[in-house]
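So that you can tell them apart, the chains are marked A, B, C, D, E, F, G and H in the order they are listed, and the count of residues begins at 1 in each.
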């Protein structure tokens, strides 16, 4: 999956089993019309590919990287180690520790190499955060974000009305 | 504290007792020459000010907000609710739960409103992340980040040499 | 949903998906004959509405607010920041951290702005606590609470009898 | 310690070693001019006294009870079991589990018997919550709370000014 | 349910919903031929009954009490407060915190009032522990325990044989 | 350390560094006049000695064993595996996980082999529990326990009086 | 189950209910052609057998032991106490604490007696680790590991290609 | 620091601040006479060096790698990704989460890439585990391990004697 326009956001995940969660990021980027690329990169099983991906990200035109992984989730951190682009980390929920392991492995980075961590399984927010970052230098995206926030607000108001009216 | 240039990064914290931790962010932004402003904004004790701060952030020229808070740490989330700027959250270590409460309160945001969370007390990384975000549209910052990464690397090599030589 | 009498208790929740849990609060208030209102208010998606709701609560005649939210659960805290009414927080169970995140975000409030927190998903107890608060100045409610406690006791005795008799 | 006026708030703690923490509640009640009584009641070492205290609370004129305990912190729950008054629980920080044990023991009450739980060591907030509860039927307290909230706000603004001015 | 012989072990639980778990204790006591009684006693909904149960336990001939409860699990501790008999606590698994709350509420008792805590949902072991305690002064039970340990051992050996033989 | 009378309680600990904590058990047993023995037995460093200790405990006249260990705390469980005596486990606080590791390693025993677990560092309660167990068949100990409970109660009353009188 | 060749790896588990998880270890060892034996050994129900197994392991030709257990998981530690062979511990996921208890009981060993711990339910990795250990002195295994790593890499690349092509 | 003989064990750590903890590993390897090398390698600050170190480890003659790191501790995992040697991970205690983050980041590795994890700050055991692994093919080391275990045992016996004699 990859948009025809030159991708600005790279979505990588440690395993293809993370795809169902990460589809939320894809949908959100598409809703904002942000070109992206998506693929599997494993910090542990394809370490050279991970290095290659991170090191060439800037020259390939990427501006933000979203990296998702579970368990001892090193993908985001390892990527952040090899690029100066902002890296957004999505800790994937795990069967045993519910993603608490993924969260700690992603967020507790040492001084010098930050990972912008979102909630466990927070793929949608990872995409929105990427858009917010891109919007700093993109007026049209900025407008879309304003509209998005308005829509979020309106949807809640609608639900509120229904609940107040006893319809839900 | 505020740089004479128009601030691009706003650093806010829930209490002035968070300042010792947040000084690391200040130092790092200064090292990168990024203009910033810094103040106290409490989501719980000055809610109107928090709303005002977030809502006027864009028109005041801010591009990224760093928000630090401890315990039921709502500052970053509440700020993110009222601006489309990227908001970086710094969970402050607490005396009772060591910052696990701050971390969960900051990172576990609902779909639609992300907070880019860094490590507990990770003020330095918050600043670097802010620089990385600004660098997307700022070639000079990009170069500084490349140099910063190189310096990080070199400092470790130097330490490695010393350790290998039995000097530490 | 709203009682015809002027509401004394306001039930708000961060998402309509919290309604199944919060129905327990509704039922309990109805059982005590306490007029209430119920709606959706999101601290993150409708921050202005949240402020408005909290700030007008007293003049609209509310005496207690019950606020339910999950994850980085800011609704109760944000509401408490903007009213002097007692605010009862219900941490909603989450899929990833089981509500431990909601609990910490709700209960670990900073000095000056308390939230009266009940158990994770403790909607029923939130309602009873609201009734206990109202009963301080309402003799009839006080009597109902005495009866409620007696009924609780009797139901257990009945179960105990059955178990002792080998019927369950 | 006990005010000369008839106490409206009863502060009890499981051990006199909790007093340093609970002094914050005392000071806050005194600041609001709310008459209180304070004593040691142990759910485990003086169970009869605990029952007696809870059962006679209403007739002795108490309107709210603040109960503090650490570890397997049963005092608040046991008190709530024997009175219809609202009971505010203060989980005390422990040496081994940092108060996580106290928090869970206090907040996770079963349906029917709520405890209004505040933060670990949150004695000050317990007092404010008690005042908020009393203020429902006490206009003068209501005004004091409005003032208190204003003061909280002003103190932060003052700190903010200082920080912005580089004085702290 | 109650054996015809004078009960030596009292099994109490906070709710009849704990019965499926506690049946394991019943079965185990029956297997050892230890007379028991079983009933519901809630520390929170029937506090007087809880006190009564604990205070009369010795004169009614009980020698050990097994108390099971979930969440803010006070039953074992409250019982231990009012009897000098050994009280065995069974923390019941909860839907939200998996029984971690029950465990902490049961085991973290203050100096002076111990509860002999077994594993979360460890009803079977509670019964065996009760038997071990009774066996100190009962030679016939001691023999049965020796046999029980031998049977445990033999069952594992049998399983081991099967697994080594590839039958499982 | 060993009483001249034939020991009824054996206190063992995984390391002599646990002695400061376990002194509380010693003092308590001495206060009750219960003969005991105390030594170091490591499940990991002296496994044969651990087996020997457990297997000969009954014939040496022991009636209860108190086993203390920290970290992957196997001593109590391993002892319980090799004797039919009741084994009381004391999880020792650790530097890294505060004793949460010791607690889980001690209490979460599999069906068939219980360990009567007390609080983290709960050496005093381990001794009292041992006394309660011995008291089942020892009328004089039973009387001492009744007195002990009365003293506990009285000491709290005294503290309560002082606090009510403003003396503490 | 046991290979015809003299086993080099011994797989033991605390209960036959752990077999479904441990089959992953079996499959992996078979894939590498490493002879193994597999059986049930319970540290708590068959302590003598556990001692026997560990003490005779070397003379029976074993070079590595994989020990799996859940809850208060002592099997790996107890085995490590009685052999100088490297012992790999597999913490088994539990129903109540999700294997956090098993993990702490396995990994937090005291100085002097290490257990090489892998992830909760990480049976496959236990086998690979065993192979890595054997490969130190076995050139053919070393080659197989190189190939295995290459295959891991290639499988990810294939998945990546598919995802990039929009086929998954 | 490096032994004159060709190193068989490589000790790497993410920061020179980990050295005080890792000295225990050094001492232990020296006690066993195992040649080693020690240096700083940061997965995040010197990713190329980390790759280089891991990839050349075998040809440089290393047989086991010990990798220590704290927080989002990726060093051991990243190293394991790039060598077929057994990698032992030492989770370093952290100031905020006490090393729980380091532990999860180190042990929860995905299938295919194991890390042999020891206790938090368990540097000594990491060294012993390395020796156990080397001893498989080194009869002299095997003998030393047998002696080491005997010494461990004897030291405890000595302590036990002293404690029994009341000398400690």
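In this text, a residue touches a chain if its C-beta (ideal position, glycine included) is under 8 Å from a C-beta of that chain, and two chains touch if they have at least 3 such contacts.
Every value quoted in this text rests on a predicted model; they were computed, and no experiment measured them.
Hopping across touching chains, the smallest step count from chain D to chain E is 1.
When the contact pairs of F-G are matched by residue number against D-E, B-H or E-F, more than half turn up again in D-E.
In terms of their C-alpha centroids, the spacing between chain A and chain B amounts to 19 Å.
If you average the CA atoms of chain A and of chain C, the two centres end up 35 Å from each other.
In terms of their C-alpha centroids, the spacing between chain B and chain E amounts to 52 Å.
Distance between chain C and chain G, defined via averaged C-alpha coordinates, is recorded as 49 Å. The residues of chain G that reach two or more other chains are 15, 42, 45, 48, 71-72, 96-98, 100, 107-110, 112-113, 115, 119-120, 152, listed in rising order. Across the assembly, chains come into contact as A-B, A-C, A-G, A-H, B-C, B-D, B-H, C-D, C-E, D-E, D-F, E-F, E-G, F-G, F-H, G-H. By the touch criterion stated above, chain G contacts chain F in their complex at residues 14-15, 42-45, 47-48, 51, 70-74, 77-78, 80-82, 94, 96-97, 100-101, 104-110, 112-113, 115.
For chain F in complex with chain D, the touching residues are 93, 98-100, 119-121, 152-153, 155-157, 159-160, 162-166, 168. Contact residues on chain G toward chain E in their complex (touch as defined above): 1-2, 15-16, 19, 37-42, 45-46, 48-49, 71-72, 95-98.
Of all the residues in chain A, the ones that touch chain B in their complex are 24, 63-64, 84-86, 88, 103, 107-120, 122, 124-126, 128-129, 132-137, 142, 145-146, 148-149, 152.
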